[in-house]
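The following pair of complexes shares a single chain, chain A, combined with chain B in the former and chain C in the latter.
Showing the complex of A and B:
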C-alpha cells in the first residue's frame, strides 16, 4: 500500500468531496425543489409543500409515460439478455472466422452517437419497413434500445465465462448430467450474478434513453424522458418534472445497488 | 497379478476386445495438424491399477480424456466391457473422472457436490443423501459436508473429488494427475489411500501421472508414453529392468545409456546398452574383475551427498557415467572416494541390459 502524508491525504479528501459535490448538489437541489410550493423552481425556496406531488400523482400522462418506459425497458432488457448471453457464449467458447469483427460489431452500438442510431432506425422503419407493410410501432423502440443494451449483458457474461473453469461442465457430464442439466445446474449458476447485473444495467440504460427514443417512438407515445423533455418547454409545470425526476432518482438507486451486489458476488466466483 | 502376461496384452487392431475391462484399438487424436495421440492399443483388465506415465505433452491425458468422452477420437475405437463406446457422450459412459484441479462445483456444498451424480441417476432424495453422507464419511470429512469447496484445503478437496466419483460405484475410474497439487507428505499419504481404495473396491483405475516414482509405487502395470505413442507396457519391474527403448530407460529412474559404438569400445557389446547407476560398484583401480563381471577404468569428476545415497559422476574415456552408492555408514566412517580418484567401475555382466531401440 502506498503511504501518504497527512497533508496529501487531506488534499485528496478535499478533491473527492469537490467532485462528489459537483455530481450531487444539482440532484439534491432538484429533489428539494420538488417540495417547493412556487410555480417556477427558484432559490431559496420560500415555502415547502406536497402540492406538486399531489398534482403529479393525479396526472394520467405521467402514469402512461412511466408504463411505456417500463414496458420498453423490460422488452429491451429481455432481448438484450438473450442475445447478449448467446453472443458471449459464442465468442468465449468457440473460434471461428470473423470472431474479432463480431466482437467489435456487438460492442460498437454503445459508442455510436444516439442521434446516428436514432436516424438510422427511424429511416429504416419509415422508408423501408412501413412501405413494405410492417407496422413496427412500439416494438421499434424496443429493438433500437436493445442494440446498445446488448453490450451491457454481453460484457458482463463474457468476462465471467472467460474466467469459468471449463472442467466444471465436463465434471457435470462425467457425473451423468446431460447438456440441459449441465447448463441448468452448473453453467448458469456460474454466471447468474453477472447475467443479473448486466440485465439490470440494460434496463437502466433503456429507461432513461432520450435521443434514440425521440426518433423511434410512435406518434403520441411518450416515455418518461420524452414527457419530461416536453414539460420542460412549458415552464408552468416545471415543478411536476422535479417530482418525477426525484422519483426516478430514488427508483434508479435500486437497480444500481442490486447490480453492484451481483457484480461483487460474481467476482467472488459464486 | 494381472500384469504378469502384460507382454501379450498390447494387442493389435482387429483383435477381440476384453469382455471385462477397457480395450483401446488404434486410437488417434489430431488437433489441427498436430497429432497428439497416434495409434494407441491397450487392454486393461477389470480391477487393474493401470498408470499412464509420460512427460507433459506425451498424449497420456488426451487418451484419458478420450476414454472419458471429453474428446472425440480422430481414429480408432474404445471398448468398455466389450462394448464400443467411441461415439458415446460422457454422460452415457459408466466412467467417472477425478480431475487434476478437482473441478468441484463452487456454488454447491460438499454434500451437494457428492450427491450430484446420484441426482442425475434419478435416485430418491433420501437415498441420495444417505449414500453421499456415507461416501463423505468414508474419506473422513463428515464434519465438513455443509462447507463450500473454497473453504476446504487442497487435500480435503482431493478427497471430496474422489468421494464424488466413487459414490457412483463406477467400474472404471480415471484419475488425471490427481495428486499433482499436493505437497510431498500429503501426496504419499494419498498414494497409500488410493491404492487401498482401489484394492478393496476392485474398480479399474487408470491413473495419469508424470511422476515415475508415483507410477511405480502404485501400479499393477504402467504404460510409458512419449510423443503420442506408447513406448512400453509392463509391470513396474519390467519397465524398469527391461526397458524396451532408450526413452523408457531414461524416463524411469537414472540410467547410463551407452550407444552401440561406445559400447563396443568399452565392453565389447555391439548394441545400445543400459547399466543402472545403483548396480555400478566403485573399487580401487588396481582390483581385478571376477569372471561374471565387467568394468572400466574411470576418474571421479564430482560427488554429491544425497542423504540415503551418494552420487558419483565418472569420466570414462570422455563418456560421462553416473554411479550411486547406498550410504550404509555415516559419512567419514569409511574412507570414500573423492574427486580426482582413479577407480575401477564394475558391474555384473547380467546387470547390463540391451535396449532394442
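Showing the complex of A and C:
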C-alpha cells in the first residue's frame, strides 16, 4: 500500500476540499441569487424574495425558448439515434478498410471546437445555400445539432454491441427469422438500455449546446441557452436568468439519475 | 438443407440476400451515416476552407469568390491576431496544467486512500456538475468573481481584493468547466495500478512521494494525455468564457465570432488556427499511444 505521512494526507484532503468548494460554491451562490430581491446580483444577499421566480414563470420568451430547445433536441436525438446506431453496427460487426476513418468522422464534430463547427455550418447556409435560393431556416439548427450528437449514441451502442453474443442472432436466423424479425426480437432488446442512455445523452448535449446554436439559429429564434446568453449580455435584468439557471441545475439531476439507472441495466445485460 | 434454404430464399428474399452478401450489409449500414457526415459536415468544413481564400468586395461589402492568401497572411501579420493566437494557446495549456495538478492528488486519494463509500461519493460529486449546463456554470463563475461578488466579500476582511475579470479568471473558469474530463480518466488509471507495485517500491526503500513520481506518474501518463485532449481542445475553441469573465480578454473564438458576419473569409481563415492546433496536439498524443484508451 501507499503509506503517506499524516501531513501529506492532510494536504491531499485540503486540496480535495478546495476542489469541491471551487466546484460547488459558485452553483450555490447562483441558486441563492435567484431569490435575491435586488435587480443586480451581489453577495452577500440583502433581502430574499420570490419576485424573480414569479417574473420568470410569466415570461413568454422563456416558454418559447424552452419549446424551441425541446424541438431541436428531439429532432437531433432522433437523427443521431438512427445514424449512431447504424454506424455502431457497421464498426462492431465488420472489419474493413477505412474503419478508423469512419470512427474519426463520427468523433470529429465534437472534437473540433464548437466555434469551428458553428462557423462551418453558418458559412454553408449563408454563403452557399442562400445564394442558391435555398433557405434552410430552422432545420439548419437541427442538422448541426444532430451532427455532433451522433457520437453519443454511437459510443454507447458500440460498447454494448462489442460485448454481445453474435451467436444469438445466428440462432434466430437459423430458426427462420429474417433481418427485421431478428433485429426486433433478438438484437434490439439486448442493447435497448445502451441505446436509451445514448439517446438521452444526445438530447442533453443538444439542449445544453450554445456555440453551434449561436451560428446556426435563424434570426429571432431563441433556444434556452441563447435566451440566457442574451440576458447575460445585459446584466441589469440578470436576476431572471438566475431563476432559469437554478431550474436547469435542478433538472440536470434527472438525466444523471436516469443514465445511472440505464447504464446499470446495460451492465446487467438487459 | 437445400430445400430449407430454397424455402427461406423464396419467402424472405431480402434477408437471405443480405445474409449471403456481408459487403452489401456493410454498405447498407454505412450509407446513411456516411452520406450525412460527409455530405453535410465534411463538405461544410471544405466549403469553409474554400471561403477562406475568398474576399470581401470593397464596393458591395459582400463575399466574392476568388483566390487570395490575404486572409491567411493576416493571421500572422496583424499583431492583434497573432497575439490572440498565442494568448489562446497559453490559456489552453494553462487550463490543462491546472487540471493535471488538481486531478493527481484527487485521484490518488480517491483510488488508494479513501474508504469505498467516500470514493463513491467523491466520484458522484465530481461528475455531477458536468451536467449542470455550460452557460449555467459560466454565469455562476461570473457571480462569484464579480465586483460585488463572493470572492471579494471573502477576501475583504484580509484587505485584498480578488482578481477582477481577466485572464486568471478565464483560466479558472475553463478549469471549472472541463476539470471532470481530466479527473475521471486519471482516477480510473490510478485505480488500475496494482497495490503490490507500491509494496515493491516501499520494500526497495522508496517513500510515498518518490513512489508517486517514479511509479504512479509514468503509469498514468496515457490517461493524463487522453484527458488533456479534452481540456486542451475545449479551452482552445472557447470564447464565451473570455467574453463573460475575461474583461477585455480576446481568444481565437472571439475573432472568428466577430468576423463571421462582417468578413466571413477572415473568420473562415481563422477557423483553421484551432483546427491546426488540435490536429497537432492529437498527432503528438497519438505518438504516445494513449488515444486508444479514450
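FYI, the second predicted complex is superposed on the first by the 250 of 270 C-alpha atoms of A that agree within 3 Å, B and C clash if a C-alpha of one lies under 4 Å from a C-alpha of the other, contacts with A are read in each partner's own complex, and residues count from 1 in each chain.
We take it that contacts are C-beta pairs under 8 Å (C-beta built on N, C-alpha and C of every residue); 3 or more make two chains touch, one makes a residue touch a chain.
A quick note: this is a predicted structure, and the numbers were derived from the prediction, not measured.
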Which superposed partner A:211 touches (first chain B, second chain C, both, neither): second
Touching partner for A:119 - first (chain B), second (chain C), both, neither: second
Which of chain B and chain C A:20 touches, first, second, both or neither: second
Dominant contact partner of chain A by residue count, chain C or chain B: C
Touching partner for A:53 - first (chain B), second (chain C), both, neither: neither
First, second, both or neither for A:138, with chain B first and chain C second: neither
Contacts of A:178 with chain B and chain C, given as first, second, both or neither: both
First, second, both or neither for A:12, with chain B first and chain C second: second
Partner chain(s) touched by A:82 [first = chain B, second = chain C, both, neither]: second
Where chain A meets both chain C and chain B, residue numbers: 173, 176, 178
Interface residues, chain C side, partner chain A - complex: 8, 12, 14-15, 18-19, 22, 25-26, 29-30, 32-34, 36-38, 40-45, 47-48, 51, 63, 102, 105-106, 108-109, 112-113, 122, 125-129, 131-144, 146, 148-150, 153, 172, 176, 179, 195, 198-199, 202, 208-209, 211-212, 229, 233-234, 236-240, 244, 252-253, 256-257, 260, 264, 267-268, 271, 274-275, 278, 282
Interface residues, chain B side, partner chain A - complex: 68-70, 89-91, 95-97, 99, 101, 103-107, 116-117, 119-121, 150, 164-165, 168
Touch list for chain A against partner chain C, complex: 1-5, 8-9, 11-13, 15-16, 19-20, 22-27, 29-30, 33, 40-44, 79, 82-84, 86-87, 89-90, 93-94, 96, 102, 105-106, 108-109, 111-117, 119-124, 126-128, 143, 146-147, 150, 173, 176, 178-180, 204, 208-211, 214-215, 225, 228-229, 232, 241-242, 245, 248-249, 252-253, 255-256
Complex contacts: residues of chain A adjacent to chain B: 165, 167-168, 170-178, 181, 185-186, 189-190, 269-270
